[in-house]
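Chain nomenclature is as follows: A, B, C and D, assigned in order of appearance, with residue numbering initiated at 1 for each chain independently.
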């Protein structure tokens, strides 16, 4: 029988921290034994340190746990980071230096050359950056990151299509409000409305897509040589980012080729049967009007990318719709799957 | 002082019909004196023949007017058609044959070679199709149409950019529920959701854009030689279609050139000061997160196209956001402005 | 080990029918083996006979099952009815006459004197009407009903308070759109809006509350001698009816008495550990701003009533808020729990 | 020709301040010449001192006006106060002491014995408190207030019914998000949800109703001797508070009496033809499912109360629905009408 691994959360009181707690309930491998938060919360019981924002209420397993400061010391070796970008840089580094494996959802280290921006189905080999990261920084631990919630659906759909030589990608997002955390988007701004701008989001999507689909090159990732352009919008949806995508390929595959690549996609997490891996990373929906966020995002425990409406594009080669759950596959679930991949690689031993 | 012109509405009881009635209230040129609807409604007072769906309530000027059948006879010469596509073809033709000028919002005749698909700011010269239409069909009247509600915003933004040689257009729409009429979209389908499909909409946007931006060629319009690709989505917004647009130009204008073309756009309806013409057909909004449907669509009486976020596109040349009011500039207001243009051309004399 | 019982659904293709199918997945006692629907659907595979409207997609266990006509013959003895009110009266009677136990969510037979309007936690003894129903109607089977989706939350909260002598009840509902089925409420009517009227709903709530809280009197139920007044509204919520309630009691209990009665409520379904019974039928939430439909309705598998904000009322004695899941505890789950109670009484043997 | 009166706004940059600015555009009597705000804004041009949140954009008449500090000095004599409750007490007093007439929408002074809580159609005689207020406080100016946005619809509907001897009132509100200002309610809290609690709102509604419907008694208002109980809820609506109301009367009027009182209500502001007075303060809607906030709140420029569904109540005597526009008649418009009443009384001379 497998040894269970103790884990902790950096930034446990925020909304992403709550998603980590919820996602880790009943995890077959990880035991959540430590909650870190700001000085303001430290010393309090978890239930008194935050207001729970997710459906279902505060899990009993954490309600009475005492929150600790975000300083190395009592925390377990494996930590999930849900920290705000404003403070994540220094704290994550301090933990990594002190020997912790920081599997982070924060954006701060994603684009650093020696930090994997990891999607286990798409670029598991990017984990090979970690030894160099440790060596050059003198760290006993390390930092591994997952992409932004708007990037994940796109790259999960593009992953199986990389074989066709992706040359151009044009994507428009319709993003859920939960992506902005809490209090996040004021209702006066988004009720019955579309906000055609999310600060920094387009740049993140473009850069992260290049890196994730890029090639491991020893001490860095050689970015994908494709042109990527994003339009990012906020829409009145609670959970689930919907994206319309047009793609151009070098090898001019047929529609059948593209569809088959999507539907047959089966990657390392599936082969290793990682606990949080969806059975199929990409689920192609054949109905004319799917996927839809309110009806589909929570399927497969929110861990798959749902694709539909594959058809020729008059400007590029093909176009389709992709949906992914922004707070699960786009945040907490992504990081947990990253840790599961690392465990399967023996990197947590 | 100008002689007032009597007008009627074909399909006056439906939701588009109601928008015509509302838009024509207090019109300086047109007097609404006739309401046509299905046999089921004919003979009833208007207020008993329908349920009013628009904010504000049934205007008193029509509430007690008796609804007539949609047969030539008592109707005034100028008619606005708000008919369902299922019946519009035959009825509109019958009226045109009988000498009526049918200014139609219905999709049925839009793509016929000798029917103008008219946007007064963009292709006023397409009205030159009308004499040939009359001649070849043996009609005393005629049919003129306006584009689909998703096409109008796009072509109003592209109109002033045509000078730069448009070669490729990739557009994603986020369309309001009012575009589907009443009862239209079930709330169970759209509340907190995105529906990434609207039947026939993408084809309409692509074909209509080609025709509207095309060139008058005697007995038909030579379509614009550009590649156009549309992704159409329904979002939980009441009024106002928002669209993200990427465009490629043959002449590679600078961002300044494009911005200047949009902001200085001033066309025939503005020059002739047509009553329903917006002061500026395109209003460029410099705020980072505009335009937005709930906050901007009703400005300028819903008759302008609102553009924002002009920036370079990594895949095509430039990208931007455009918003237009789908039931005003995308339906009733469009047709009324078409009629005003025809009046200014002496075509209603 | 317990023998499993075969069950069928009358009206399996509608939205309530879909809820029955979803709720019965994995049921420990009931095997869904038969699907009945209108002639139009009969003979088709289930997946071709309807459009699935619920999150998660059509369960595989029913997708390929052939739909049968709603006529006695092949159906199992125990049937759940999700029929439209327009056809339920005759069909349910025909099945009851033919020996079937019809556990119905339809409104048609609810107010008949010899038909139990059953809430297992509140009036399980009303099942004693069934023998007389069979006798007087000459039926081998029988009909048992559950209340309207707006009534259930109210009576589950009032059940434990009946001991204090309820004399007046004033309730305002804020009801979810799913209560109106599919296509149900047009989005143009409810998006960003409140509709302060639901046809027949106030009368149903008032009458049903009287009957459910009434006393078994041999061949009928003696209604509760209290004054009940309802204001029913539709609000833009997907699932979960929220209700504000003011109550007057004959015995003038203290706030502590009322709170204790709610929190300690433990009834027959809990004592018998019926599979679909919530652990606590009423869950009192102590947070200042709860219960809330989007965050709480799905707790306890949607089978509990959630109460909060108990406080004195200046007009009656106490006021509070109650929330229940309208399509689970207010429809499919209610009927299944009714059948479980009947099974535990030996009425299905 | 009437002399125009200069007016200013205390708290001009907030959302209520923006509503004052919008409402005062084109006012026939008042010229907006002064904008006061916090020190942080003082000295800036208005357009740089705030983000405009209302549909339509910042009016040009104020965009370039320099914002002043909220200290007596340069401000005109008549001031509308849109100040936050946190700072309004001291600042409003300072201006009143310095000789300004402060017509305030803030809650701070509403319940003070010598301050009118004024609804011109309902209690215009409460203005008689002002002389005593000046005398006892040694003020040259004075403070007059309007009720909370949830109170206004209720008291406008109850005003014409006071003649029947109101003894009990039970009200449930469904309040729009705009009532909470900006950023106000987080979208994560209210999208597809109901929040059955608004801090302090129920107490305000109950107390204010007592005072507004009370009798002038020399140096104070003798509150209405009725029992009033409120349930306050937030719903996903942008503008317009909907309320379900049950009322008991001492004199047991017939339904016809009550309906006639509502429909024939014509009060001082109507008689004097005050510029912002609605033609009818109460508009009774005979449709079965009205009033509705999205469709009706903006009628009559948002200044009327819309009542519908009058019917007997089994618990009290009658029940009905009332709707009013919370940011117009419930805030800016209310204060402006109060000032117009004072002007018509010669109190601004």
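Rule of thumb we're sticking to: contacts are C-beta pairs under 8 Å (C-beta built on N, C-alpha and C of every residue); 3 or more make two chains touch, one makes a residue touch a chain.
These numbers were taken from a predicted model, which means no experiment stands behind them.
**Student:** Name the chain whose C-alpha centroid is most distant from the C-alpha centroid of chain C.
**Tutor:** Here the answer is chain B, farthest from chain C.
**Student:** Hey, which pair has more contacts between C-betas, B-C or B-D?
**Tutor:** By the number of C-beta pairs in contact, the winner is B-C.
**Student:** If you average the Cα atoms of chain B and of chain D to get two centres, how far apart are those centres in Å?
**Tutor:** Their C-alpha centroids are separated by 40 Å.
**Student:** Any idea how many Å lie between the Cα centroids of chain C and chain D?
**Tutor:** 42
**Student:** Using mean C-alpha positions as chain centres, tell me how far chain B is from chain C in Å, no decimals.
**Tutor:** 48
**Student:** Which positions in chain C touch two or more other chains at once?
**Tutor:** 191-192, 236, 238, 294-295
**Student:** Inside the complex, what are the residues of chain D that reach chain A?
**Tutor:** Residues 15, 53, 177-178, 182-192, 236, 238 of chain D touch chain A in their complex.
**Student:** Which chain A residues qualify as touching chain B in the complex?
**Tutor:** Touch residues, chain A against chain B: 168-170, 172, 174, 191-197, 199, 206, 227-229, 231, 233, 235-238, 242, 244, 246, 288-295, 308-309, 313-316, 319, 321.
**Student:** Taking the complex as given, what residues does chain C use to touch chain A?
**Tutor:** So the residues of chain C in touch with chain A come to 54-57, 191-192, 238, 294-296, 298-299.
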